[in-house]
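Letters are used for the chains, namely A, B, C and D, taken in the order the chains are written, and counting of residues starts over at 1 for each.
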Amino acid sequence: MKLSRSLILDMSAGPVFHVALLFSAFLLFRGHNAPGGGFIGGLVAGAALVLRYVAGGADEVHRTVRVAPELMLGLGLALAVLTGVAPWLVGDQFLESAKLSVDLPLLGTVKTTTALPFDIGVYFVVVGLVLAVLRTIGGEE
Amino acid sequence: MIVVLALAVGGLYAAGAFLLLQRSLTRIILGIALLGHGANLLLLLAGGASGRAPIVDGSDQAVSDPLPQALALTAIVITFGLTAFLLALAYRSWLLRHDDEVEDDVEDRRIARLGRGKS
Amino acid sequence: MIGLLLLYGGVALLGPALSRRLGARVLFLCLVPHIATLAYLVSAWPRVAGGRSIAESHEWVPALSLGVDLRLDAFGLLMAGIISGIGVAVFFYARWYFAGRSDLGLFAGVITVFAGSMVGVVMADNLLLLYVFWELTSVTSYLLIGIDHQKGAARAAALKALLITGMGGLVMLGGFVLVGRAAGTFSLSGILATPPSGATTTVGIGLVLVGAFTKSAQVPFHSWLPGAMAAPTPVSAYLHSATMVKAGVYLIARLAPVFATVVWFWRPVVLAAGVATMLVGGYRALRETDLKLLLAYGTVSQLGLMVVLVGAGYPDLTFAGAALILAHSLFKAVLFMVVGIVDHAAHTRDLRRLHGLGRRMPLVFAVSVVAVASMVGLPAALGFLAKEAAYEALLHSGNPVVTAAVVVGSALTFAYGARFLWGAFADKPVRKEDDVALEVAAPSPAIVLPSVVLSILTLVLGVAPALGGKLVTSAATAVGRTTELPKLVLWHGFTPALGLSGLAIAVGVALFLRRGSVDRLQSRLALPAGLTTPYEHALSLLNRVADRSTGVMQNGSLPIYVGVILLTVVLLPTWRLATDGRLPSRIEFADSPVQALVALVVVAAAIGCARARRRFVAVLLLGAVGFAVAVLFIMQGAPDLALTQLLVETLALVIFVLVLRHLPEQFPRRSSRLATGLRLGVAGGVGVFVTAFAIIAAGSRTHPSAGDGLVERALPDGGGRNVVNVILTDFRAFDTVGEITVLTVAALGIIGLLLARADGGEGEEPGK
Amino acid sequence: MNVLVPLPVVLPLLAAALSLAAYGRTTLQRAIGLVTMTATCAASATLLTLVIRDGPMSADLGGWGPSIGIVLVADLFAVVMLAVSSAMVLAVLVYAIGSPATGDSAALFHPVYLVLAAGVSASFLTGDLFNLFVAFEVMLSASYVLMTLGGRAEQVRSGMTYVVVSLLASTLFITAVALVYAATGTVNLAELAVRMPDLPPFVRDSLGLLLLVVFGIKAAIFPLFFWLPDSYPTAPTPVTAIFAGLLTKVGVYAIIRTQMLLFQSDGPSPLLLSIAGATMLVGVLGAIAQDDIKRILSFHIVSQIGYMILGLGLFTVAGLAASIFYIVHHIIVKTTLFLVGGIVEQATGTGALRRLSGVATRMPVTAVLFLVPALSLAGLPPFSGFVAKLGLVEAGLAEHRHVIIGVSLLVSLLTLFSMTKIWGGAFWGTADEAAFVNAAPNRSGAPALMIAPTAVLVAASLAVALAAGPLYGVAESAAESLIDAGAYVRLVTGP
């Protein structure tokens, strides 16, 4: 059985998808200070992908995100673990955090901690899981 | 401990346990999900009294215990991942056998018959 | 001494490696450690003669008092001499017996390990080490009996021997540990020097006796020995007459002088077992028509006699026992080798079919006569001296009943000895159906040589008692801790002992001459064929119990497994909670009516989900539970948690729907009322248990939450205002690493399951 | 030392991520696995020698310390387990690479297998109850995937049983964590050790029993064992072998860790001893009833767990030392036996005794590789199993626990019986050349990469027996440090 599809969904999937993705990034970045973070951000992005799936099926998801889920999972995990390992280079403990201030082109100077790359890793893994689900369980008709 | 919440936890566990004792795999998965909800709620309750969200903003109002929240969050996500896997397993089983029931172990049944047959 | 043991081990490893190149000649290699042992014993003799000993120690597991503590005294030397001396003869014999076979690598290795273990048994001064060697002989015996494992009978016989002696070994281990603990040492010489007493010791020694009985085939554990005759003849000649079966006799001899008095039941039990074994063995030997089985029962009988002699704990009896051990090893090895030669030559061991062999192989006949003479105790053979010494000692310090039994046993021995010679070699009429043309090939001189040598030894020692006497006397001295011993003498004069010998022989002759009547009597008394022995009975009982219990416990049904787990969860802790659990005094019902209402929704939706008949309804109700729980989270002050819960719930719903769209709309309905009632009972129990435990646990808190400290340090140290997120990404980031690992793996699992071929994935079958 | 303690977890985890990035490039994935696991072995061995020399170590992850962050604790018990387990993981990895049967699923196998290794290491090292849950989940999730690798129908069926029972156990674990936190306000094990005595005895005991059930499911003790023999045999051989060697032992480890640290009893515990006896008996009776090599061996896992619980249940240094030695011995021997079982299956296409015969004639090397660990498993001298059993017998009789020791000796005989069932049924008998469809044309009947790690493990178990003296000394030190819960607390919280 095919999930029902409406015209409105079809039309809004594109714009809504991009807004949701942006929102997920916003949640990811603000997570350290307000509700949000890598999980929640990743789950929102995942929900956006589901929307895309509802609109266009597994192929649509595949067209939207061309990265293989395995790779995305691997990268996310590697990023999180490497963030944990990095402190060893400066003689700190595994997973020890440091405060950072980064100059970004549009946003100016952003104060954050090394927890951010860690959270980004989390984000990727969550998105990777949703991708994997949609490609496999969602793939069969 | 708030009795109502403890009762809600108990209700979730009871319903989950009931579903877990079924043969239909879908029901078993539902049971695990319900048990998961119960466990997460219990974890949160373990922190003690309710309070303001644990976000540091300078006010003196008592905040709720953040540790169980973090633990519960971790547990929720883990349960989610594994439930997804279990659903995939159920789906695979459906593809192979077109049946939703959990079969008995074949070899075990053979030995059980042996045991009965000789007695 | 450890060097010798290592030499056995080394040769055992080398044997299999060289067997392909050497064929049956690999057995010559196995002679090396035996000859080395003999050389060592000869060199050690001056140091151990007259009751002294040599000791050496090496550490193994000091924490468990398990050390390689070796001690050689004259008794050990006598035993080790038998093991290596008979070893030389049997291995030489085996080389010709197995001539032409090239698959002897494993055999050579295992039998060498066996020989080394036997030497270890008689040299071990640590009870635990003794057990190590003891069990090694059991295992190697298993492998040796089963060397012709293509035959089912060999496999069954090997297993029987292993189980009976292995059982005895384990019982004995328990006994050793008890005795060792009571004595405060595991040193055999130490224990014998200052023997422990008391209940623990008594029980311990009782267990050790069981072990010794099984190994030395005493009634009621004797049945494995005749079965072990499925082994090739060299194995029988070596293990089942000269060495392994003497291990129990050896141990009893060692312990008897001390524990015969310390342990109240020692003498009655040991003597009863010995006498019974002697008589049962002799009686059965008269019935057998297979020469090898005849010898096997003869061995059983002789082992009984040995136990009677060494088990009483009197020095003069021990002395006679030591002489008998030596004599028996010499004559029984010869007789087994003779059976092998006969079997090879005539392709049968059935005494109903054999006839006229005495004429055709006179040398073999001659050595057999010498060996049988020794066995039945005719003058000029070593056995006569041993038997005379035995009667002397029995008349001096034995109990009249036992003495009478020994006379009867000796009469039986004479009868089956004569039957053996008659059966194997005599010219006699043969029943028509058995009269198949007997093709007898002449045995090669090499294969007869070892028997000849041993027979000559039997005669030499028999007519020159001084030669062996010194060894036997020293051995008995070492065991009995006394120097007042008789001597082996050829002629005592007309003593009562000689009278008993004569009586036994006379009765034996009568039994042999009236063998027809004896046969008829025995077949009338015989148990009906097909009756299961206790061993078979136990084995089938074991298999039945295993099948039944496993059928009940392991019934393969997931709901039952889950039910048992849940019941255990509820019952185990509840049992403790219920004994003196109390509800805390401070209990609040609800924070607010709204909270109570939401909680009600949660429970109602959960119950609805459990009752739903349609899959989609159930899933939607599950979602409702999730969302309501999220509301509770918010009310409790956990926005991150609530947000996560909402999102996770949504995604979970999507996945549920994606899977369920393929499945039928309704759940199958098949439960009985009883099953539903049971489920409700267990489920209700779980609910009550969790609720009660939660209230009680929370009510017993006295310490502050770890979370308080986290709130204080989140902003200054963690650099974030959202404490939960700081915990997740910093304080307890390691949890989060684990969590995303789980997600990754779950995703991989999903990919693996659903991208595998949907046709049943036969491609994974091993070997496809 | 800060780097060394987390290394056995971090290395395989990082390697898993890399292996994923190299998804499908089998050679590269193999290289990543071999290099990392070799390094992990080296790290574990270094940890072991350092802990033996200098005493236990701990690492505050993130630099936070016990009441804020997660602490890893490398005490002697933990590093012994770590060293043995990482060696097993490496050996089985080599076997898996050599085994033709795992070829198809290699792309998935490698990353997930490495995750399993990381989860096992984390379970041994963590000093935090909730983190132990996470470590369990890491390990178990990997095990779910490995168990159903390839997705054959019987795997899916038995995978269901396995996954559902494990998930139930995990939920109960969370329940226990929640109740522990509700009662004490912390999840750090050292802090829990301090706070537990303040609880009313019945609360403390009930929490102890609940945790016992939770870990008891993973450890497969009576009456929670039944999932194991149904599920283990269906997985690919390397997977079954590593599960058999490690997973249940992680459960036993957790039981010992929590019972000693949080719920230590003054004298022998009748409950634990009864569980031990029942576990031994049902396991070995189950084994006797089976007809398939892997199923027989699976039931023996259950039976042998009973011995480990027996040592714990005595609550003496001698008993614990025997348990620890037993665990080490059993990990090696059981893994080896499954590897040999896999070799036989690979060569003949079956593990059913009624269809096997004459393996010893056709594959003599494999026969020897089976015989040594089989006798060791039955506790026969002079192998490692004998030393372990002797330790238990001495420890049990020292406490006058005659009945349970009698049971353990009886079970030892029955174990021997069921080993001879395999030996007599599969290895002895007439060899029918046609039955050895896939046998390699050598004396082992299997590819060298399957035989080599198996042989190395057999040699290792012999080495354990030979060096039992010093090793038993290590086990005793580990047992002493377990009895002294205060030492653990001081190590974590500082003096």
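The criterion applied here is as follows: a residue touches a chain if its C-beta (ideal position, glycine included) is under 8 Å from a C-beta of that chain, and two chains touch if they have at least 3 such contacts.
No experiment lies behind these values; they were computed from the predicted model shown.
Novice: Go through the assembly and pull out the chains touching subunit A as well as subunit D.
Specialist: Neighbours common to subunit A and subunit D are B, C.
Novice: When A-C is set beside B-D, which has more C-beta pairs in contact?
Specialist: Pair with the higher count of C-beta contacts: A-C.
Novice: Need the CA-centroid distance for the pair subunit A / subunit C, whole Å please.
Specialist: 62
Novice: Taking each chain's centre as its mean C-alpha position, how far apart are subunit A and subunit B in Å?
Specialist: It comes to 26 Å between the two C-alpha centres.
Novice: Give the residues of subunit D touching no fewer than two other chains, as numbers and ranges.
Specialist: Those would be 13, 16, 20, 61-62, 111, 130, 134, 137, 141, 144-145, 148, 151, 153, 156, 160-161, 164, 168, 175, 178-179, 181-182, 187, 230, 289-290.
Novice: List, in ascending order, every residue of subunit A touching at least 2 other chains.
Specialist: Residues 33-35, 39, 70, 73-74, 77, 81, 84, 94-95, 97, 126, 129, 133, 136-137 of subunit A each touch two or more of the other chains.
Novice: Using the touch definition from the top, which residues of subunit C touch two or more other chains?
Specialist: Residues 547, 549-551, 554-556, 558, 562, 566, 639-640, 644, 648, 651, 655, 659, 662, 690, 694, 697-698, 701, 705-707, 710, 721-722, 728, 730, 732-737, 739, 741-751, 753-754, 756, 760 of subunit C touch two or more partner chains.
Novice: Work through the pairs of chains, note which ones touch, and then classify the graph as line, ring, star, complete or other.
Specialist: Here the contact pattern is complete, since every chain touches every other one.
Novice: Given the complex with subunit A, which residues does subunit C contribute to the contact?
Specialist: 639-640, 643-644, 647-648, 650-651, 654-655, 657-659, 661-662, 718-722, 725-726, 728-730, 733-734, 736-737, 740-741, 743-744, 746-748, 750-751, 753-755
Novice: Which of the residues in subunit A come into contact with subunit D in the complex?
Specialist: For subunit A paired with subunit D, touching residues are 68, 70-71, 73-75, 77-78, 81-82, 84-85, 88, 92-97.
Novice: Of all residues in subunit B, which touch subunit C in the complex?
Specialist: Touching subunit C from subunit B are residues 1-24, 26-28, 30-31, 33-34, 37-38, 40-42, 44-48, 50-57, 63-74, 76-78, 80-85, 87-92, 94-96, 100-102, 104-109, 111-116, 118-119.
Novice: In their complex, what parts of subunit D are in touch with subunit B?
Specialist: 130, 133-134, 137, 141, 144-145, 148, 151, 153-154, 156-161, 163-164, 167-168, 170-171, 174-175, 177-179, 181-182, 187, 230, 289-292, 295
Novice: Which residues of subunit D touch subunit C in the complex?
Specialist: So the residues of subunit D in touch with subunit C come to 13, 16, 20, 61-62, 64, 67-70, 100-101, 104-105, 108, 111-112, 115, 118-119, 122, 130-131, 134-135, 137-138, 141-142, 144-145, 148-153, 155-156, 160-161, 164-165, 168-169, 172, 175, 178-188, 191, 195, 198-203, 205-207, 209-210, 212-213, 217, 223-224, 226-227, 229-230, 236-237, 282, 285-286, 288-290, 321, 342, 345-346, 349, 358, 360, 364, 375, 380-382, 386-387, 390-391, 393-394, 397-398, 405-406, 409-410, 412-414, 416-417, 420, 424, 428-430, 437-438, 468-469, 472-473, 476.
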